[in-house]
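Below you'll find the structures, each written out as structure tokens.
In what comes next, subunit A is part of two complexes: it sits with subunit B in the first one and with subunit C in the second one.
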Partner chain A sequence: MTRSFLARNPSVLVFLSILALFTLGVTLLSEAYGTALISTSFIKTLGKTLCLCLAALAMDLIWGYAGILSLGHMAFFAIGGYMIGMWLMYARTEEIVVAALANEPLPATAQEIQNGIAGQIFGVVGASELPPVWLFAHSLPLQLLLVVMVPGLLALVFGWLAFRSRVTGVYLSILTQAMTLALALYLFQNDSGLRGNNGLSGLQNIPGLAGVSQAAVSVWFLWASAAALGFGYLLLAWVVSGKFGSVIRAIRDDEARVRFLGYSVEGYKLFVFTLTAIIAAIAGALYYPQAGIINPAELAPIASIYLAVWVAIGGRGRLYGAVIGAAFVSLLSSWFTGGRAPSIPLGFYTINWVDWWLVLLGLSFVAVTLFAPKGIGGLFDLVQGLRRPDRKGAALGPDDGALMEREAQE
Partner chain B sequence: MTALLEVSGISVTFDGFRAINNLSFSIGPAELRAIIGPNGAGKTTFMDIVTGKTRPDAGNVLWGERSVSLLKLSEAQIARIGIGRKFQRPTVFEDQSVTDNLIMALRAPRSPWAVLGWRARAPDLARVADLAAEVGLADALPRKAGELSHGQKQWLEIGMLLAQEPQLLLVDEPAAGMTLAEREHTTRLLVGLAKTRAVVVVEHDMEFVRRLNCKVTVLHEGAVLAEGSLDHVTRDQRVIDVYLGRSER
Partner chain C sequence: MRALVAALVAAFLMLVPAMLAAQTAARSVAEILVENRALVEKPSRQSIGPVIAALAGSGDPQAATILAAWADRGLGQRKSDGGFFLIAPNADGYALTALDGSDAGTATKSEITELRPNSGVRGLISVALVQFRLTDPDPARRAEALATIARDPAPELLAPLRASLDGEADPALAAQKDRLNRLLTLRFDPDSAARVAAIDSFSGDLGLDLRAALNPLLATVRKTAPLAAQIDGNIARDLTPGDDLPQGEAYDLLVAANLAPARLSPADLKAALVANIVNGQVAGTPVAVLNTQVARNAAYTALEAAGSVPLAATDEEVTQAVAAHRFAEVYSEPDPAVTTAATRVLKAIETKLALMQAADLGLDALSLASIYFLAAIGLAITFGVMRVINMAHGEFIMLGAYTGYVVQLFIPNYTLSLIVALPLAFAVTFAAGVAMERLVIRHLYKRPLETLLATFGISIALQQLAKTVFGTQARPLTSPAWLDGALSFNDVVQVSYIRIAIFVLALVFLVVFLFIMQRTRLGLEVRAVQQNPSMAASMGINPDRINMLTFGLGSGIAGIAGIAIGLFAKVTSELGSDYIVQSFMTVVVGGVGNIWGTLAGAAMIGGLQKGIEFLNPSNTLAAQTYMILFIILFIQFRPRGIIALKGRAAGD
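Showing the complex of A and B:
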């Protein structure tokens, strides 16, 4: 079965090979395991980019395949980050507190250690007790479970309410956007239990790995991110290759017709929404230890819009398109905003890319939508000689999210 | 013979307009029935109610030997218990191949988990090939449905309905836009289908209805005006007044 699956989907094998070569290449050029040609901070950037690619894959499944333009998936990404961040911060602080109390004449009680941790973490928001949401923060397995459970349950409940009421199209996008904004505003409060706008920090220091340099840890996370991306790609390619993929693409193009075939459209949407939320959360849980800090600004609605922009620029409805779009745009973005792009003096005005990058991104998004709706992934169609069908401008289905003529393959 | 579908006393009002007015209708397990009536007589609304798209304000729709009420079921559940619907315009999934369209329609478990693990086996592919041959699309299996001609899309949709193996088929204007030869093929197909299941055909075209040679129900202003053989109803003065007379004018 697996062999015939790969044989039928050669792009999966190509993708996995490129990913493996990339990971190997970066490892051999890293400070910790190779020639030190790539700095540790850039390895972190690459590792983070792989996580963003995984989130973009999730976005492509829900938008490109199922036609649901969710503008809330970066919220699930950030919640995944918060969940792992709680354990990282707790366990790291515990190490520090235990070390400090070791100098006391009397051995510290569990309660004293607990109070010390709470004071360290929450002194910044003027609290000294651990909020109830930190109940499991001492345990890595439990907190890892929460990485999957919290976003999964949130997506399940939110999706159930939204899809059951048959909210579709732009209204659903607005609803998901509102969910993201509400979550961000809640987390900004100091008494939200997650340190308000300070967020969680010091996440790059992995508890128990004090003796290991950041150079090595960054490569380990790169490996983990690459493995997650590879596994996610394989899983989603398998999901969309069979009848399930057929059904969700049918829902994208004409959901009323799918109902009359006897499929519960709401059930499928909920399934895809929850699955992609969990994938995004796992991506976030790998991203934030590399970023080192997470705060509520990460949940800002703009982050989820970026996700949609990446998928659109890469080419929606094809998995490798999402990965290419996310990698290309986010790396370009860090180049432009990192101040490395040379400014352009025009005499009367100097174009400073830190300020103008967003304008450039916005213009390219508009240009891609208007002139190359297949995005970067469409280049592969050119190479293969695939053309778009001549439908005189008619979309491939009556629904809002339906594939447009110019996105389709003949 | 007990009825397969029993519709009793249903009424629907859209913004004050009575689309269906105390309509009763029943059909047996292996029966071909034509529904005719002028525009706005409530033919499509009737189908919408049976398939769960529209909820009636009053009345009851009962299905099968155990008299299950369809009013509490969703569209998808109604489709799963064995009611298939063919729309007036051909609606197939244009971005997908004829094979994929037929596979989606094949009778099989419909839940997301079951579908996720479902892979086509030899008997499924053989069934798809049979269906395609039956509707004259054997050569078109790998083609995308969007490339097919109007008539071929109609055939594909009928093939998808057959794949669902419904006990009751609701067919909305099957002959619209078809050539004479295609109409004859359609007639044969529908008459053949009605030997093993119930088929309800909504049609404007009297000539086509005459060829079906079945019991006819005439709707007018959301209620049944007359019922019987085509000759019987065309002799009915009220039918002539509201429908036949007007179409000849």
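Showing the complex of A and C:
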């Protein structure tokens, strides 16, 4: 018990130093601060990947540690993006409108500026007034608060309803998926107040930074994403390493027994669900300014399933596994779908990876589930010589989310 | 002077019909044409009316033919003597027929002037022709004429229609004529009592044509007058400003009626200020401080005081002006007896209509519920009975639909291809399901969450394969002709045959499922394995084989559902994923492991969705959103669904 946090978790130091080295390396190779070996668009891809890694960390906590397969965390991710996107779009439009009105013979009134912004933003959906949800969009601090508050409250209410009525296992997965679908369908409406299926766009233009090139801004966002990922890793490593971590792992493997021992299982689950929703939302708030556009398609239930896929491929129940899985699959995916992977001519048919990548991903995912439940993270166990617990083939506990013997580590 | 001439001409033209009517009794068409040669040669809509009426009323058996020919450029005039002939183009020029029907030889093109009435005149001729068509010996022609009148009702059609009523022999056409007569009467008859009688005769009728005829009678416009004066016209209701008429709209009415000066909009105010900028100042106020509406109003008031801009109405003046006037909605139909009768009949119709719409909504909900039931019944087997989350279920539905499409490529007869496709789709998806069970799911029976992810992997692979093979555009799955059209009870309640077929298919599946589960050896073994696999195994049942067959059965049913869904939706690679979440919810809401629960779940989800769509018809997305929210709440109160299994069968 006397050992320090870092001594008990050697992976934290290793992870943080690799992350720092990676960030430093990318910075030195960037167009803005180094040798320009890496293009700005690829730096954006790397920055976005770091954000996806953070979301995968959250997914690993909720699924890998607490055993709740939530298929709704990409919804929280997207809500975070929407919240920051509202400020970005409002402030950016305000700059444009003020500049345009400055040429008028009379100085503009506040109302005129407001109307101008509303007309610019909502012209595409045929409205000309700012909907009430944009009430705080003029203020960055308030909107940043909303990035945390909106997904947090949504997760709190939804989680309270779901856990209170003891919805567990696959039923909870289906319920979260339904929630995601409902949100996406709601946002697809033009009168939802968030521009319907047009979504929010032009988010890569940061207000007040008109003079700074995208090359520099992309590196700044990379730094911010790396910092967020580092802090997130540290926080989650701390959360799962103490007694709290033991309790949520116990809930994962045998919820009923933890409840009989007197722990408030619902409270723990609700905390983890809300915390991970907030982390996912922060990741989303960093992701979408780099992506430049957000629309309701980002909330589609399939996105959340992909998140689970990344964690599973990286190896669930270990934090670095989630990061590795997200980085590996999303980078590979952008390599294959970006048309950079060479096609394979078979003589009678040419395998074009843009078409066949999803087939490969789907099948390799089946293969990982069947043959390598530890995922990529399992390789580290081989190197370290870690063995798996001997349960005579049984899982660690009776619950749906419990770790299998083959994916646990001693 | 010119006005006087015009008036004289008008008076003369009005006298013409009377004179013609007196003269034309029993004269031939040819005589009438010759008499009015000048008008016929250069006809205009204003002046030709009496001539056409005379021709139509002449009693000449050739009148209809000649009128029709005239409208259709089939009437010509010989240049040499000005005689009229029916002309038909032939090799030499024209074949001529005299107006009494006898052959009159041929003529070259240059000898004949074709009469080309303009569209206004052709319209008048076709109205005149209606009376001939209405009494045409051919019932099809008469029905056609009635359809024409129903499409474009006009006051002048009333008289010929009534004249044709008595001679109608066909009872169906007679009823149609009578209905059309009453519809025209209630709109165009000059006698108020006749109109009211016509309206009352329709009491309780649901026809769309009746509503189309009645609604224009009740159209209103808003009118205003000073308090001292009365609003003339047939007043529908008085409006109180601020209560049922917003203040702003009331003032706009005053402005439109020239009873008050226009209000100054912010844009006009701004323009006025800009026009009065002098040395960077407006009426002594520096431009730089005019960045609030209050400052701008003050500057405008100062300009008003200086007299350089017109006075604008202030809020107070607006209130006063509105208070000094009365407002009312006035029917554009001037006769109060008619509007009262129309309101009464429409109200009765609306009550009946609401009932019918509820019935129609019920049918819609039933058909949506059967679609959800079809999509979910396969899941009810794999998820409900085996507890296997099959995310690829939607792709099995898609596979079935594509099977139907491929079969149609080879068998062009739609009926035959459907008969072949149904068992083939079952076979294809049965095989796919068995393969998937053997290769993947068998290893994950104790791990439902892993099954979810593994089958999701298969789902995206299958979807992408379908996209690669069939392309991204939608493929048609055409239903046979006998499934086209709709069963129509009246103008409101109707349901298409495809939906009836899907409903029947859902019923058939329910019966088949119940039969297999309750009455066959396989069903018994499936239930035994579901309740306790090891005990079932000790009784000599092979759980592996049963699981494989059960999964195959569930997948096969998904394939058949795919054909049913493909018949009314386009077949795309995303077909399945559109239904997967709804299908899971149907099973979960209904209660896992119970086919009646699935039925109840489908009925609830279908009914809810249609109900919400009815409350907010413009927005089906919102309907789905609220439906899902409702289901999330519903799960709170019945976490195990509508019909929850109890005891051993519940599995825990």
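In the analysis below, the second predicted complex is superposed on the first by the 405 of 410 C-alpha atoms of A that agree within 3 Å, B and C clash if a C-alpha of one lies under 4 Å from a C-alpha of the other, contacts with A are read in each partner's own complex, and residues count from 1 in each chain.
The definition used in the following text is that contacts are C-beta pairs under 8 Å (C-beta built on N, C-alpha and C of every residue); 3 or more make two chains touch, one makes a residue touch a chain.
What you see is a predicted model; the values in this text were computed from it and never measured.
After superposition onto subunit A, the modelled positions of subunit B and subunit C are compatible, with room for both. In the superposed pair of complexes, A:G339 makes contact with neither subunit B nor subunit C.
By the touch criterion defined above, A:Q189 reaches subunit C but does not reach subunit B.
When the shared chain is aligned, subunit B comes close enough to touch A:R391, but subunit C does not. When the two complexes are overlaid on their common chain A, residue A:R259 makes contact with subunit B while staying clear of subunit C. The wider contact with subunit A, measured as residues touched, comes from C rather than the other of subunit B and subunit C. Of the two partner chains placed around the shared chain by superposition, subunit B is the only one that A:V247 touches, whereas subunit C remains out of contact.
Look at A:L175: by the touch rule set out above, it reaches subunit C but stays clear of subunit B. When the two complexes are overlaid on their common chain A, residue A:L69 makes contact with subunit C while staying clear of subunit B. Between subunit B and subunit C in the chain A overlay, the least Cα distance found is 7 Å. Looking at subunit A, you'll find no residue that touches subunit B in one structure and subunit C in the other.
Of all residues in subunit C, only 270, 273-274, 277, 287-293, 296, 389, 391, 440, 443-444, 446-450, 452-454, 456-465, 467-468, 577, 581, 584-585, 588, 619, 621-622, 624-625, 628-629, 631-633, 635-637, 639 touch subunit A in the complex they form. By the touch criterion given at the top, residues 69, 105-111, 158, 161-162, 164-167, 169-171, 173-175, 177-179, 181-182, 185-186, 188-189, 191, 301-302, 305, 308-309, 312, 355-356, 358-359, 361-366, 369-370, 373, 395, 400-401, 404 of subunit A touch subunit C in their complex. Within the complex formed with subunit A, the residues of subunit B that make contact are 51, 53, 74-77, 79-80, 84-85, 87, 91, 93-96, 100, 103-105, 110-112, 115-116, 118-120, 144, 146-147, 160, 164. On the subunit A side of its complex with subunit B, the touching residues are 1, 239, 242-244, 246-247, 249-250, 253-254, 256-257, 259-265, 267-268, 271, 389, 391, 396-397, 403, 408, 410.
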